[in-house]
């Protein structure tokens, strides 16, 4: 098939998903909101000690971002599966992996990007500053698409399986661990004055790896789910 | 042995089933023997560690269990991959059979590690790199098994959990190396065998013997589990029961 | 031409059919009938390549569809039990995005014409689909048939929840498709009102 | 041989509780796994015999 | 209607939901696993410092329990709604609120109780000990049913009102805050040697309050969803 | 006796019907027919008390159902477009828990008999419902009619996806219910094969 029709299919699916998100604008706000809440719950649960908060700040932010990503992703294919759109997607004359990329991208725009954009504001709560703030944004910018890609595999695997909400968490969270370590590590080391470049480039490597492997695995999982 | 095997022949359950049945006793015997020798060496030949005292003797289960836990995951992923690639049911069954044993060794590594940690570090658990990665490994095993039990359709269960096992194996080295950035408490190779002293050598030998024993045990147990799985999934009259028994059953009714 | 060669299908422990061989020529319709649970939907899904058969093969123009993959997908329009429409999008948006996804981009006017052809009037085009009645939702899914240029149509009980008038409209559309040399495979419990030389029946006995 | 007596052996230089818990739990796990498999096998065989009986039944009717 | 038939209806729904859960025995394991994983993510993000971990331990545990509860509950009515069971529930000759109690109770048994039972083990990882461990279990035992009750309102609202995602979060999470504060507070104060009784009795009050109000609110929301 | 008094119903901006008055006597069936989207389902949901009417009232034995609340729910069996069965439970479990929920506890043997009455054979009783075919799922939902002791049956397109044989079986069951003095309201696009003195038709013109 021609290159252009491939982009057409991606474009089509991105457009539709964004349209749907617009129709349900508040759902899109959900992941940001979730992030804000989790991050704000922490000082409530942990106590207001500034020194402690500064230490745990990057970690908490990253864990919260990771959970927000996971939650919004867990259902990324469910609606399509239930209402039959997924069947139609599989029967599209394009490689399924390509459509998966489109779908994940749309999803990231809706729920990952807002997190990235909001993070500087939240990190103020924890007393992050200057350079490490930049590193935080950068790490999220590299990390959240990876999270989306990996999450898509889990979401596809649990389609139509009962109790899938938590199962997907169980499947995906262990795979998120490296991203979390590098992401939070980048911020912590920049706070310690070591600079976060090493961690950031590892995050980049993770992104590239997941871009190559995840759509393929997701496509396989989706086909299996539909049999 | 290495060249003469006709793989196509053994890729069917009908062939694997009796083959496994013949191999199990051998591996069991070897496992028990190695375990006996290993334990003897570990408790009666290997001397006391001058730093840790007798508590170090946990090493003879801890390290073999930890090694097996990682090794089995990789083997499981390989079978899963073969299954997906060739669409071969026996490979999926092998992957399914490996998971519980792997998870058990992971659990044992964690437990014996905790038992070791309390006297050595004064805490059952620390958030150390190697410990955490072992915990993550346990989750991955749990994921593979739970995903399987959550899916009723056997074909889908096979293939879905195979995909997950394969994806997860990418994670194993990543975790392993990513934790290098962490300052680690875990002993690493601290039971210094580097000096090559006689003491260390007996320890090393005992540890290796136990590892080998666990390995043989795993093979035996996995083969017999795969036989169970086959018996549950397919109807195997001809391979399971001797004709005489079938005759008896027929008469019984 | 669509051919099934010695197909067999097993779901769970049940063998639904085996050694099934059938041929659909251009310009004709294969109507699959049979009791509930006899395997009609399963057969249709095998034809669509969603479900791999246990044994045997489906050939399109002589080539195995398992090999053709996306090339084959580009030849067919499949409408299953499920409508594949989004509750939050309007019928118009649903239709247009379904077509775009299938790689048969259509303009808004065309889509509107299609919806009207199947009897959905203007004001309904702009409601969110979730407020539509059962039959109206089914019609939104079926409107794709007015825009499809694909030779092969696979329809699973398209007449479910449709009123009598719409059933007629869809049948007519199907007839026109066959006259233009298209092929169709249809699962239904109802009589299909088509000329007998265009119609071939396959009864599954499950 | 470094153990003067059996009690010394079991005390493990004061670390007995840790060492022996490790070994006992490990042994229990291995034994449990073997037993569980054995039970599973018996069940599978019983099931299978029942099926054989059922099978002959079916052909008879 | 007679008292006994009321218990019959509750019993019926509890039995069905437990049966559904048994069908997926792994479901019960799932919320536990989720808890364990989330709790383990924090040290990965925050770093392995034992002193810091001990300080944030109760907070982390409580936030994780809260999330596990929220997630597993968020969709508690969705399946019933989609497959039409909810219509049948509303048409049962019993007050709907009663059925809601049954459903939430079944849900708590499946996903809340395991969390309570597992928490001592997890708190060992954070170096909690002795008495505060007991207080933690107690606080979770009182707190998680409250979370379930409150969460049910949100879950019911998700079904009906358009774009309700945000609304639910807005409604439910603020209601969760007191539970979190009292819950984590009980543990922290018992760690500080003050004893957690005051907080625990507040938690009890929350539970009673939610038992009275939440089923009623949930029933109203469910009816609206079905209109 | 079920009465609708000057009912009117509005969905969104559309008025579906107004001033609708109709009476269903014991032993008779009201068949609601009409085009897609004419408001049949909406009317049935008003009858079931799921949807409050915009205006007018529904009376059961002369009393407003809005007042009767649970007492009225205890009089009816409603089977809608959706089957209300759980994918993970077996047909048997689904049927039994649906009955238990409705307060009409039944034994396993009774439930099995009901499933067999509607043509679901033994092995199917123990499969998870998600593997059933469309028609089989519908039958699981309809099996409740064999166990229901309620006087009023409200059925929304019960024959959807059923094969011809099962349609006959359900119609017969309906007939038996009417003969025992039961009442029924039925939405359908098909002809109903019942004696004319038992049948009353209401055509909605949307």
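The first chain written gets the first letter, and so on, giving A, B, C, D, E and F; residue counts start at 1 in each chain.
Convention: a contact is a pair of C-beta atoms (placed from the backbone, for glycine too) under 8 Å apart; a residue touches a chain by one contact, two chains touch by 3 or more.
Quick caveat: nothing in here was measured; it's all calculated off a predicted structure.
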Target subunit F, source subunit E, minimum contact steps: 1
Chain pair with more C-beta contacts, A-C versus B-E: A-C
Identity of the chain that, by mean CA position, is farthest from subunit B: F
Inter-centroid spacing, subunit D versus subunit B (mean Cα positions, whole Å): 16
Chain centre separation (subunit A, subunit F; CA means) in Å: 45
Rounded Å distance, subunit D centre to subunit E centre (Cα mean): 38
Residues of subunit F touching at least two other chains: 81, 87-88, 128, 130-131
For subunit E, residues contacting two or more additional chains: 20, 23-24, 26, 30, 33, 37, 44, 47, 82
Residues of subunit B engaged with two or more neighbouring chains: 136, 139, 142, 146, 150, 153, 182
Interfacial residue positions of subunit A with respect to subunit B in the complex: 153, 157-158, 161-164, 167, 170-171, 173-175, 177-178, 181-182, 185, 198-199, 202, 206, 209, 213, 217, 220-221, 224-225, 227
Subunit E contact footprint on subunit B (complex, rising order): 123-128, 132, 135-136, 139, 142, 146, 149-150, 182-183, 185
In the complex, subunit F residues that touch subunit C: 11-12, 34-37, 40-41, 81, 119, 124, 127, 131-136, 138-139, 157, 160-166, 189
Complex interface listing, subunit A residues touching subunit E: 24-27, 29-30, 33-34, 37-38, 41-42, 44-47, 49, 52, 55-56, 58-60, 62-63, 66-67, 71, 82, 162-163, 165-167, 169-170, 173-174, 176-177, 180-181, 184, 188
List of subunit C residues in touch with subunit A within their complex: 48-52, 70-71, 73-74, 76, 78, 80-89, 93, 97-98, 100-103, 105, 128
